[in-house]
Amino acid sequence: MSPLQLCLAFSSALFAVGLAGALARSNSILVLLGIELMLNAANLNLIAFWRFSPHGSPATGVVFVVFAIAVAAAETAVGLALVISIYRHQQDIRLEEATRLKG
Amino acid sequence: MEPLVAYLWIIPALPLAAAAVGAAAPRGSRRLASGAAIAAMAGALALSSVALKYALAAPSAHQFCNFTWFDLGNGAVRLGWLLDPLNAFMCVMVSLVGLLIFIFSLGYMEDDENFKRFFWLMSLFAAAMLCVVVSNSLLLLFIGWELVGLASYLLIGFWFHRPAAAAAAKKAFITTRIGDLGFLLGLVWLYDTTGSLLLYDGGNGFLEAHALGDLATQVAAGGLAATTAISLLIFCGAAGKSGQFPLHVWLPDAMEGPTPVSALIHAATMVAAGVFLVARVFPLFSADQGLPAATLHALTVVAAIGAITALMGAAIAAAQSDLKRILAFSTVSQLGYMMLALGVGSWVAAIFHLLTHAFFKALLFLAAGSVIHAAHHVQDIRELGGLGARMRTTFATFAVGMMALSGVPFVFSGFWSKEAILHAASEWGPSSLPLYAGLAGVVLTAFYMTRLLCEVFWGPPRSPAASHARESPAVMTAPLVVLAAGAVGLGFLGTPAWPWLQSRLAGAEIPARPLLDGGALMAVSIILVAVGLGSGWALYGRRPRASAAAPDPLQSAAPRLFAFLGARMKLDELYAATVGRLNTFAAALADILDRWVWGGAVGLLARLGEFAGLLNREVDEVGLNTGFDTVSEEIRRTGQAYSRAQTGEAHGYLRTLALAFVVLALLVLLGGGR
Amino acid sequence: MSTAATPNESILERAPVLARDWLTGFLPEPARWLANSLVVIVAILLVFATVFAALTLAERKILGRVQNRPGPNRVGWFGLLQPVADGVKMLIKEDIVPRAANPVLHFLAPVVLLAASIMTFAVIPYGRHLVPVELDAALLYFFAAGSATELAVFMAGWASHNKYSLLAAMRALAQLISYELPLLLSTVPVVLAAGTLSATGIVAAQSGWKWGVVPHWLVFTPCGAAGFAIFMVSALAESNRSPFDLPEAESELIAGHLTEYSGFKYALFFMAEYFGMCAASGMAVTLFLGGWHAPLPVLEAVPSYVWFSAKFLALLLGFIWIRATMPRLRIDQLTRLAWKFMVPLALVNIGTAAFWSLTFPWAGPLQLVRWAVALGMAAGPFVLLGRGLSSGLGPRTYRYA
Amino acid sequence: MNTVLILIALATIGAAAAAMSRPSLLNCVLLLTLSWTGIAAFYLWAGAEFAAFAQVLIYVGAISMAVMFAVLLTRRGRRDFPPRKGSRSRAAYAVLAGAAVAGVLLAAVARSPLAASPAPGPASTVRELGGQLMGPHAAALLVVGVLLTVALIGAVVLAAGAGPEKPEATR
């Protein structure tokens, strides 16, 4: 098992945990965080491939990660704001309750 | 200074100005209107006499002065004034007779409240008549012609509140209008062929040789020469206006107007216009004489119509009981004589008779006017009678007029002018029928005039009005005396021995014939006059009728003929039967067409439109709407089906995502996705 | 013209390094690397522990003198042993843990706080050869470690299961987060000028003297001075010092998020606070006061770590001095100062720094223009925003919970 | 070399799994923070210092705080404390799905012939990274800047906006 495959295994495992968490928990915030975890798993892959890529390209991997982190931060901020405003309307942030946007 | 002809337009202008002043003046200004009219007439008379002096200075020359009325693109409509002996004599006659009648009407219309309107209409008429007389262009003549017709309509219908007068005015206007239509067609045809309506235009007027030359050569339809056809069309106008045979019915009814009107218009001037017109364009009428091949000569038609009218007029006059109707039919008969004279080729004799007739017919009418005035508007001769003793001057002047009209030999003008006509008729080649008709006319004329004289002036007064009749005032009797003098004096101007008037008119010296030349014809006519007078006096003179209801000797002699003649030979009924019915039939036809045929078509279209609208609504309602509804329903249902998938369950979405991912990955891995 | 300083490689300069090498010399090669770092860690801890002790004493002495009273002089000669006394007191005090508190978090809070603040010492260059860890992104590391303290504060507030401590923790967090922004932004001009994030690089960029007298320290540049001022004020707020010591001020919510702590954990919190203060002033010295550079070329002979300590102590005294004189800020004044004054000022300062670096090649009279404009851009917003701060304040609305 | 990696991996995954299973919200968040630091440690192990410090600064410093505040603001009552009846089956399904995805991914990783390059990874200095950011990725940097501003202002407006009714705030 080469280190790269180890890293990929690590990130897939993290991704799966994030998915399971998002699916399992009923609290919206934790679902959000679960998705956050999945995002970080992706970043892991980026750094892993950057670290073990053969032609030592310049820091594109790191640049991607930096951008990904920035976007993830923005996404979390908006997500949390939405959760808070949902809470204000429904006094309950269980995901099952927030089903108003349906067909 | 320009030749006088340039100032000729002033003659019609004066009465026109008077008419304008009269019309504009406020209602009550009677003195202003009558004064202006009489002054204008006097001025016109003075100018006409000066014009006559100039014309007589060069009798053969046709002095003309043309001007452009308005130019129309390339062509221009040119009018003009003409001065020659014919015009001059007519001007003098019209203005003199007009002046006398105006003076007479001062008395006659005294107690009429429309006094002002009467005078400015009369001056309007005089202006129109003078315009006809002095014009050098057929178009200007036609304008005057129409104005004259209008004036006659207005004057006949002067007492419009009387239905009979209104009907008579309408009848006069319409019948003359029919004649004028022919005149207009001829005029248009003439303009089309010769390109100019000017009589004399320095060589290219249509009466001059050049135009007439090529006009004669053209052959119109039916073998008639172009000139013949045009002349006949113009003659229609003349027949209409002068009351010739087919179109004379309006003249007797025109007596509804006031007597001065009848005198001026239906005796002296307007009716004479037709004769003047034919005389004016005589070269056109006589142009086809030279064509032997022509089937019909215009002048023969004129002569025939003239003869028929003369006989018919005289016969009907003999059976009339109304004073003015008898004079009206006598005018018709005398006009027939003039047309006969024109037909036989002597327009100079016709004009001479026209002038003399104007004087003694005006005299007779005015005398009748004074009788009616005196007898408080009783016009039926059966109720009059015995007026001779009561109205001395009227009786005397009436007698002079009667003798002039019936042609008492040597002293009176009527004899000389009728003599000239008979002389011309006798010399006419084609046939001598007109001569016999003329002679018969002489007898009848003499008979009905004596009948009239006896019935009105001798015998006992047969009605209270007749018994109260007094002599008319001087203002009425003076013009009678002047006219009587004219009736006598004018004859001596044209005797065969000294044909001064004829030569002036013809422009060439006519050889003087000894007084009794052709004695035979003159003797025959003298005898016939005597027979007429005698029979008249025998029937009505010796035993004047005792009462109004007494039967008329003629009637007892030949009751059916008398009744037939009394009913004016039933011509009115004939016309009513034919033209009237035709008209109503045409109207009915038009109405049916309009109501059923066109109306039907439009109705059909409307119903068609309605049906189309209905159809459209139905198709729209049933077809389209339901179709659309079903389709949209279908779309809505499928949409709903899909929307059920969106449960709003975030977990559900994530779960399906994950499972889908797993399935895909498996496919790739197992399926050898390399 | 700037004269480059001849590197002072005197014996004193290299003494600490030599000592360390001598100590690790006894160990076999592979373990030598580990030993080296261990030695460094121990050295840092020792130095800063003593500085902490001295600082507590010095602070109370100075406060006393400022308030015209002697301050602690009972224990030991002139009160010198006072810190030892305090230490013993803290150790022997009973460590009370509330029953309903979350024991793990309650214990963990001070540990995380202390660990984070100590980690920040790793990147500060104390001397020419005294740089514990040579990191390329040293500055970023410093702030990353610094931001971990917020987590600890929250843990303390939450774990003590006390409404007031939680509320106080929230207020402390608000303050920390608000002032972290100006802290970071004020360092941007320095990075712009130095061109690198590594601490040694920054210090190297400030070497040399202009006209032989004025050192190239960044504090003497307009954007540097403004940056230094913002940095110091934010550092005060970050370490909960004097004007901003709202969280554990007596007049507010008792001891804030520390109410449920006593005994040694309480002492740890204090030690962490003082370490935070030291780290901030150390970084301030590196960034703005030219690190271990001597103020004059003549004084190059004196070893570099002496200059660093001098400046370092000067700043510490500054902190204490401010604590003695400035009155405490209310929570709303505090946050308004941060968001409406410090952040905009820092942003504008970045603009001036850009202007300063772009106009570097201007020569002669243009230099004056450059200085004037830069100073204007630095001072202008300061005055304008300052005036805007207190204007338009509506009446205070009290909302009772 | 691998042992450190395995250690970091196990620590992070353990923390994440624990975070997802703890009933108490705040414990979950703290454990998550721990897993985030684990990820930062992996970045350090991989040599990307800047990414590591950025990860720590942003996730541990800022995002954890935001989540904490969010959790505190939305604490209504303890209703969700006892596990709801539906949550048992949902947890099972979730684990199942997670396991399936993990299994597929690991299978893919295992079978893909990744050429492992033992050479020491490229060292990325901050200057070089700065060059990249300001060079080819300058536009992306600006866009991310704008995105961040807009998102944060939006979040503030959303969260701070007056709700339709604020019973507990005024009572």
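Order as written gives the chain letters A, B, C and D; numbering starts at 1 within each chain.
By definition in this document, a contact is a pair of C-beta atoms (placed from the backbone, for glycine too) under 8 Å apart; a residue touches a chain by one contact, two chains touch by 3 or more.
Values in this document were obtained by computation on a predicted structure and should not be read as measured data.
Peer 1: What chain sits nearest the middle when you go by CA atom centres?
Peer 2: Chain nearest the overall C-alpha centroid, as shown: A.
Peer 1: Find the geometric centre of each of subunit A and subunit C from their Cα atoms only, then give the gap between the two centres in Å, rounded to an integer.
Peer 2: Spacing between the chain centres: roughly 34 Å.
Peer 1: If you average the CA atoms of subunit C and of subunit D, how many Å lie between those two points?
Peer 2: The mean C-alpha positions of subunit C and subunit D differ by 29 Å.
Peer 1: In whole angstrom, what separates the CA-based centres of subunit A and subunit D?
Peer 2: 5
Peer 1: Could you give the separation in Å between the centres of subunit B and subunit D, each centre being the mean of its C-alpha atoms?
Peer 2: Each chain's C-alpha centroid was found; their separation is 122 Å.
Peer 1: If a residue has to touch 2 or more other chains to count, which residues of subunit A qualify?
Peer 2: Subunit A, residues with two or more chain partners: 19, 22-23, 96.
Peer 1: Touching two or more other chains, which residues of subunit B qualify?
Peer 2: 651, 655, 658
Peer 1: Can you list every residue of subunit D that touches 2 or more other chains, as numbers and ranges?
Peer 2: In subunit D, the residues touching two or more other chains are 50, 54, 62, 69, 90, 93, 97-98, 101, 105.
Peer 1: Tell me the shape of the graph of touching chains, choosing from line, ring, star, complete and other.
Peer 2: Graph shape here is other: it fits none of the named patterns.
Peer 1: Which part of subunit D faces subunit B closely enough to touch in the complex?
Peer 2: For this pair, the touching residues of subunit D are 90, 93, 97-98, 100-101, 104-105, 107-108, 111.
Peer 1: So in the complex, which bits of subunit C are touching subunit D?
Peer 2: Subunit C residues touching subunit D: 105, 135-137, 140-141, 143-145, 147-148, 150-151, 154-155, 158, 166, 170, 173, 177, 180, 195-198, 399.
Peer 1: Using the touch definition from the top, list the residues of subunit A that touch subunit B in their complex.
Peer 2: 19, 22-23, 31, 95-96, 98-103
Peer 1: Okay, in this complex, where on subunit B does subunit A touch?
Peer 2: Interface residues on the subunit B side: 642-651, 654-655, 658.
Peer 1: So in the complex, the part of subunit A that touches subunit D is made up of which residues?
Peer 2: Of all residues in subunit A, those touching subunit D are 2-10, 12-27, 29-30, 33-34, 36-37, 40, 43-44, 47-48, 50-54, 56-63, 65-67, 69-78, 80-85, 87-89, 91-94, 96.
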